[in-house]
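Have a look at this one before I ask anything.
We just call them A, B, C, D and E in the order they show up, numbering each chain from 1.
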Amino acid sequence: MSSMENQTQARRANRRASAILKAVASFVVIVATTYLGLLAVTFFIGRVVPIDPVLAIVGDRAPAHVVERTRIEMGFNLPYYQQFYLYVKGVLQGDFGTSVLTTNPVMADIRRVFPATMELATVGTIIGAAFGIPLGVLAAVKRGSLADQIVRIIGLIGYSVPIFWLGLLALLVFYARLGWTAGPGRIDVVFEYTFTPITGFYLLDAVLNRDWAAFKDIFAHIILPASLLGYFSLAYISRMTRSFMLNELSQEYIVAARAKGLSETRIIWGHALRNAAVPLVTVIALSYAGLLEGSVLTETVFAWPGLGLYITNSLQNADMNAVLGGTIIIGSVFIALNLFSDLLYRLLDPRTRIR
Amino acid sequence: MSTLLHVEDLRVSFPTRTGVVEAVRGVSFALGQERLGIVGESGSGKSQTGRAIMGLTPQQAEIKAKRLEFSGIDLLKASQAERRALRGSRIAMILQDPKYSLDPVMTIGRQIVETLRTHEKVGKSEARQRALDMLAAVQIRDPKRVYDLYPHEVSGGMGQRAMIAMMLIAGPELLIADEPTSALDVTVQLDILRILDRLVIDRGMGLVFISHDLRLVSTFCDRVIVMYAGKIVEELKASELSQAKHPYTQGLLNCMPKIGESRHPLPVLDRQPEWLL
Amino acid sequence: VTPADTLVQAWAIDDTITLDPAESFELSPAEFLGNAYDMLVRLDINDTTKVRPGVAESWTVSDDGLTYTFKLKPGLKFASGNPITAADVAWSFERVVKLDKSPAFILTQFGLTKDNVAEKAKAADDSTFVFTVDKSYAPSFVLNCLTATVGAVMDSKLVLEHVAPVTPTDDYKFDNDFGNGWLKTGYAGSGPFKIRDWRANEILVLERNDNYYGDKPALARVIYRHVKESATQRLMLEAGDIDVARNLEPGDLEAVSKNAELTTTSAPKGTVYYISLNQKNENLAKPEVRQALKYLVDYDAIGATLIKGIGEIRQTYQAKGVLGALDSNPFTFDPAKAKELLEKAGLKDGFSVTMDVRNTQPVTGIAESFQQTVGQAGVKVEIIPGDGKQTLTKYRARNHDMYIGQWGMDYWDPNSNAETFTSNPNNADDGTVKTLAWRNAWDVPELTEKTKAALLERDNDKRAAMYKELQQAALDTSPFVLIFQQTEVAGLRGNVKNYKLGPNFDSNFVAPVTKE
Amino acid sequence: MSDTAMTRREWLLTDRPQSRMQARLGRTYLTWRRFTANKLAVIGLGIILLLLFVAATAPLLAPHSPYIGDLRNARLLPPSSTYWLGTDDQGRDILSRLIYGSRLTLQVIVLVAIIAAPIGLLVGTAAGYAGGWIDAVLMRITDIFLAFPKLVLALAFVAALGPGIENAIIAIALTSWPPYARIARAETLTVRNSDYISAVKLMGASPMRIVLRHIMPLCISSLIVRVTLDMAGIILTAAGLGFLGLGAQPPLPEWGAMIASGRRFILDQWWVAAAPGAAILIVSLGFNLLGDGLRDALDTRSGGQ
Amino acid sequence: MTPALAIDKLRVVYDDFIALKDVSLTVAQGESFGLVGESGSGKSTLLRAVAGLAPVTSGTIDVSGQRLGKTRDKAFYRQVQMVFQDPYGSLHPRQTVDRLLLEPLDIHGFADTEKRIQRALDEVGLGSGFRFRYSHQLSGGQRQRVAIARALILEPSILLLDEPTSALDASVQAEVLNLLEQVRRDRKLTFVMVSHDLGVITHMCERLMVMQSGEEVERLQAGDLATRNVAQDYTRNLLVASEGFVRGG
């Protein structure tokens, strides 16, 4: 090996290192600015909502002097910039403040409600992708056929029917009438004394506890709301799958695959979908992020103690610490998912891999 | 020399909103173990002829022929499965642009192995070995490295070689090469042609070579078919191309600027309506 | 299916934000605290004008009406096992006054301050507690106030183990939090149940207190699950996943009552719903307009539909069953009469006005109905919907025109509502006593005086008469259009027995409940 | 077919139009023909036209008042010959409310379409074309908006603007542009380095002109599809805001609000929520079909073949 | 006489790939200059750098004696225009020929647009029948004519031609080449033309430069190729390859 080659190799390694460094730096900047933006906007929102935050704590019937005192105690008498400064300072130290509504530290609350939402969203997305992708593929392959139209209608209903409506209907049918699934809530009260959450993801916890009765019950509870959310994302995923697949199926390499004598199944699933998977990852990640925001309506109908409900409830009570905490979480989820889908994208698409 | 392929009065038409487009209008030829060139300008139906033989025409197209027979098999009557079994193993086709005709997310090696394992029951390691051999056969210098590369990581010439390897690995008796070199540099072009030439000679394969480059076809092929607007206007020996009778063929030959020739302006084709008939 | 020894209730418990009796002032925690803590005296739910013994066995009132002496039952224990002493009672009072949270005024209105509380609420000996008030109030008033959850007897020893240090400030001069932080989710009482666990907006678990002195509850535990939607609750009840559904709306209630496997129970509550008219609005300030609007509510239709089963039409502001409540519903839907009155007020063609409505049923429905019926007299109402806290913020700032809302009694005594509806000591914008009359800028010095006077009337009958007078005055002139009194309902599984709702949330006792 | 019609058609379809006007008309006609060849798209158009018609003639079509009901006698009646779709909990005729509600639905759609889509388009194309720090800043803003819980954001806007359906719609519009910006940016990135954009640059066109006149028209068709696909969601978001008391003010017969209030009766009086639900479904189906058809018809590239 | 185009030590770097390594070049007024070389040798990059479409890191470009800065003004584009390699990609897919030709006139504020468009179309041999067509309704040769018309409509003095015929059939190529020659004659234009086809270059150009990986290999007169008077092996290989296939080679 010549020294020349060595040199170029070293240079290439150097270049790659600097490229990675640059990518990391820009990522950090992006994350930092996004967070700051999120914080600022949320804080601003907290100021413009015409709700007196003190009311949430002391109630409507509290005497005037208690209201005033509480206002001061909570620092609402300070100028806004000072409040913001104090808040950001707290956040930087990992302290998101205390929720006045639940009296818990916001972080503790979120540790409780977020796994609930995340578990639901995860199962929902799995269902959505598991059905949405094949449906989308079917629609693309049979473009213009009856099957295509049916998939379109299925998707459209998912889009246009309010989820709380569908939710109640599903409860009525599958829970009340047929008794196939369990009702609202995450777990039966029977398990209140025997089941101890560890991670907050109940399905996982049941597995960790080797509590199969609980697992069955948890599964029976989650399946209905998750299917509902899954249907929701199915609508979107199938639609996008269809259009990505159509795009891939018109590519020249598909003709080449046919020329090789491959079966249609192999061409569709092995080649076209494999390529369509690249942009699909982003779509699924986005829809997952959407579900992670928490659906207030689903959570209300299914009495699911999740993030969406938490944030909405906090917002309605001007419990800004909680709202800010929730926003940060959702922002983080968004950023993380973005990053993750980016990585996955790179993994799936060799063209974007750094070599 | 036995005849591999019989094509008689092949017609390919596409229904479109504005009416039926007849891409191929009655093409007939027979092919043995030889190099047959098909030339003609863009849109003259060269590719559609090739694809019709392969059975790769889009679904909505209508294919008619008095006879379309490959070594005794009536392709028109054959079922989808039968044709699929033929494709890749007995008849293969090289597509024009390696950039677009290789699956971008699959390594070159896997794409080659895929063809092989579709048609033959071979073990993984054997398939790999044969793919490597094939890559070597198409003059790829470092087959082991290229085997694991993705299409975007190789040059156009290399990609085209991989494409050829992929199509030849199952040992087809007939190869249709649809403008296999027009996306490549002139220097690389010749390498590819040399490989194809070898294969025809060594394996006794039939080759349909589709191109718009008359000069190339005349030096490379045994016989040449000249197409215009979906029809064959002339069929002649490659070596006799310069004595072509049809004014279209003559025009095509003439209008190319050549080194060391000074014709200003260049002669242009004067298309006659009766050529269409 | 629910376990046999557990009562599972579905209820919207998102208003629970603290479980400290000195701080809690909302509905659902009142029920939890009412079951988990004991007070000196309790409301007699069989005759709500009376009180019955709690921790105290008996009590006497001095002749001057200033000193109340309570004799405690002997040998009582907290859930923790600590004995209940008069010192615990005194400390509990001191704690409330010093913490001075929302419900503290129920005690401080008797002249208790941070400085004198140790003197005025003190233990004479281990079993005698002496409470001194500043004026010779009606004893019924004083005793009624002591039934509120703020009067809960706290396990001082236990709480003192959990106090957190605080840096004193101008507003809060003490160096610790009296266990307030811990008690937000903790428990230090002696009621029939212990509070075992509370997860906000999710679940609250009560567990039998084996140290309870009285009849032990039959059930080992009572679980409240936070379920907001009426329809969801109904489905769960029908499926047997809960034993009690607490937020049934009229339609679901009807369905439940028709179901053979289910029963319902109900009790009138001390909460009244009303439309109020801000006197800062010049149209609404006209007496004729105030009266006209009272004729423009379709009481009968509303009673038969929107609040069917969950409320009863009531046009006076005192809840039925309270001492001195006036049972009189003089107004009927009468657009002609209303038009007449409006014409007198010079508003023949009606006028336009806004109404702030919070987004919950049945107020939204009533508001919409009202909007239609007043339209018949030419009054155009624009409904401004808003979330609860949002409209409330506006209401408390007196920025509304009309407001529809409810008012629940702070404690089971007529003074609670009389004070808020018919007294307004200082109508200035910076007035410190922000009663409902103040919020609607209704300046009534005379009624204010009368309300005060009724407090000091020690003769129960006379006192009752005075309150009736006040209610009549309100019917005739007030800017409050009272509509109905809430009836609390619950749908029950058929096997749930002895489930009885009380007049107040802190008297929804679950201890007697059994399951077959 | 009559003679004059033939000649008019010929004039429209001529190979050599004499003027820009004629060419434009001819193109429009061709687009129309392409569009009408797609049956589903025509159904979609029919639905939308019906919606427009109903909205325009609501007072004539509605059999009852949409605002005044008979609480006492006509509450929650099932569909019958007097009340075709039944009555709601205020005893109002649901059909009449649906008919009047079409006006609000249209308002929602139009406002969102003219606010959110253009903002998204402008931000996305500008970011994509400009690149560099402009791109970075615009995309950060987009990300922040995207990462924000929608409802919180909408709530804030409504709080700032005051309650009422118009403000709710504006709030929705202001929160729904980020995905459009993303799409537009992605599409811009694919065309920004194309030769035909370089060619315009070589003509000396300003970046502004390039974005507005050359890039935006390219992004519009996929945006149309996306916006029409989102229509149902937008109508439902309005309902979601109504859920929080920030949407339509009672007694406005906004469809989403109607479903939201009808959900209380879903177990026993299913029609109260089902009627507006079906209306939303049909209208979104209409937009969806129309959107797909429009894309195909407007796409001159695929249309010519 | 000042040269129409003078390039000195031009360097273009994409990210960290050097596409053009200090290439120098002068083209006299009215001259036609050719660039040949294999794919990726930097031919297009050179033209794009002149047109302001590629990032120049160092070196200078003078057009008619005027030094070009980082940005190009409108006046520059009236002087220099370019025709792209791919006729399928260089016309806006949503614009009619009319609109395509109107755009430059509109940008530069020409008044008699109608006449100019008409004339431009006539000049490239397209009748008015093509005026209101979209690019997808045109054949490759017709598209390239439109592209040429668009380049000429601003009456530039220098035309940069990036493989203007490589995507076209031989027969159409001849027509386009003839057209280019004719407008050059009529308008006394300066051409810089890129092609990978030596035949085309010798046909069109007087002088040419052979390029490889961003660098100049050698510079020749058109006649040198005919007489095989070349110094570099690389050029010789190109020459051999352009002869066609030789069996058994």
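Basically, contacts are C-beta pairs under 8 Å (C-beta built on N, C-alpha and C of every residue); 3 or more make two chains touch, one makes a residue touch a chain.
Bear in mind the structure is a predicted one, so any value in this text is a computation, not a measurement.
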Intersection of the contact lists for chain C and chain D: A
Chain labels contacting chain C and also chain E: D
Chain pair, A-C or A-B, that carries the greater number of C-beta contacts: A-C
Innermost chain, where centres are averages of C-alpha coordinates: A
Interchain centroid distance [CA atoms averaged], chain B/chain C, Å: 89
Whole-Å separation of chain centres (CA-atom averages), chain A against chain D: 26
Chain A-chain E separation of Cα centroids, rounded to whole Å: 52
Centre distance in Å when chain D and chain E are each reduced to the mean of their C-alpha atoms: 46
Residue list for chain D, restricted to those that touch at least two other chains: 244, 263, 266-267, 305
Per-residue multi-chain contacts in chain C, two or more chains: 231, 235, 387, 390
For chain A, residues contacting two or more additional chains: 49-50, 168, 172, 316
Chain A-facing residues of chain C, complex: 2-3, 6, 8, 10, 14, 17-18, 25-26, 100-102, 104-105, 171-172, 184-185, 197, 199-203, 205, 223, 225-229, 231-232, 235-236, 238-239, 241, 387-390, 392-394, 396, 408, 410, 432-434
Of all residues in chain D, those that touch chain C in their complex: 67-69, 71-72, 75-76, 89-90, 163, 244-247, 249-251, 261, 263-269
Chain B to chain A touching residues, read off their complex: 51, 54, 56, 84-89, 92-93, 95-97, 100-107, 114-115, 118-119, 150, 152-153, 163, 166-167, 170
Complex interface listing, chain A residues touching chain D: 30, 33-34, 37-38, 41-42, 44-45, 48-50, 149, 152-153, 156-157, 159-162, 164-165, 168-169, 172, 239, 293-294, 296-297, 308, 311-312, 315-316, 323, 326-327, 330-331, 334-335, 338
Residue ranges of chain D in contact with chain A within the complex: 40, 140-141, 143-144, 146-153, 155-156, 159-160, 229, 232-233, 235-236, 239-240, 243-244, 256, 259-260, 263, 266-267, 273, 277, 280-281, 284-285, 288
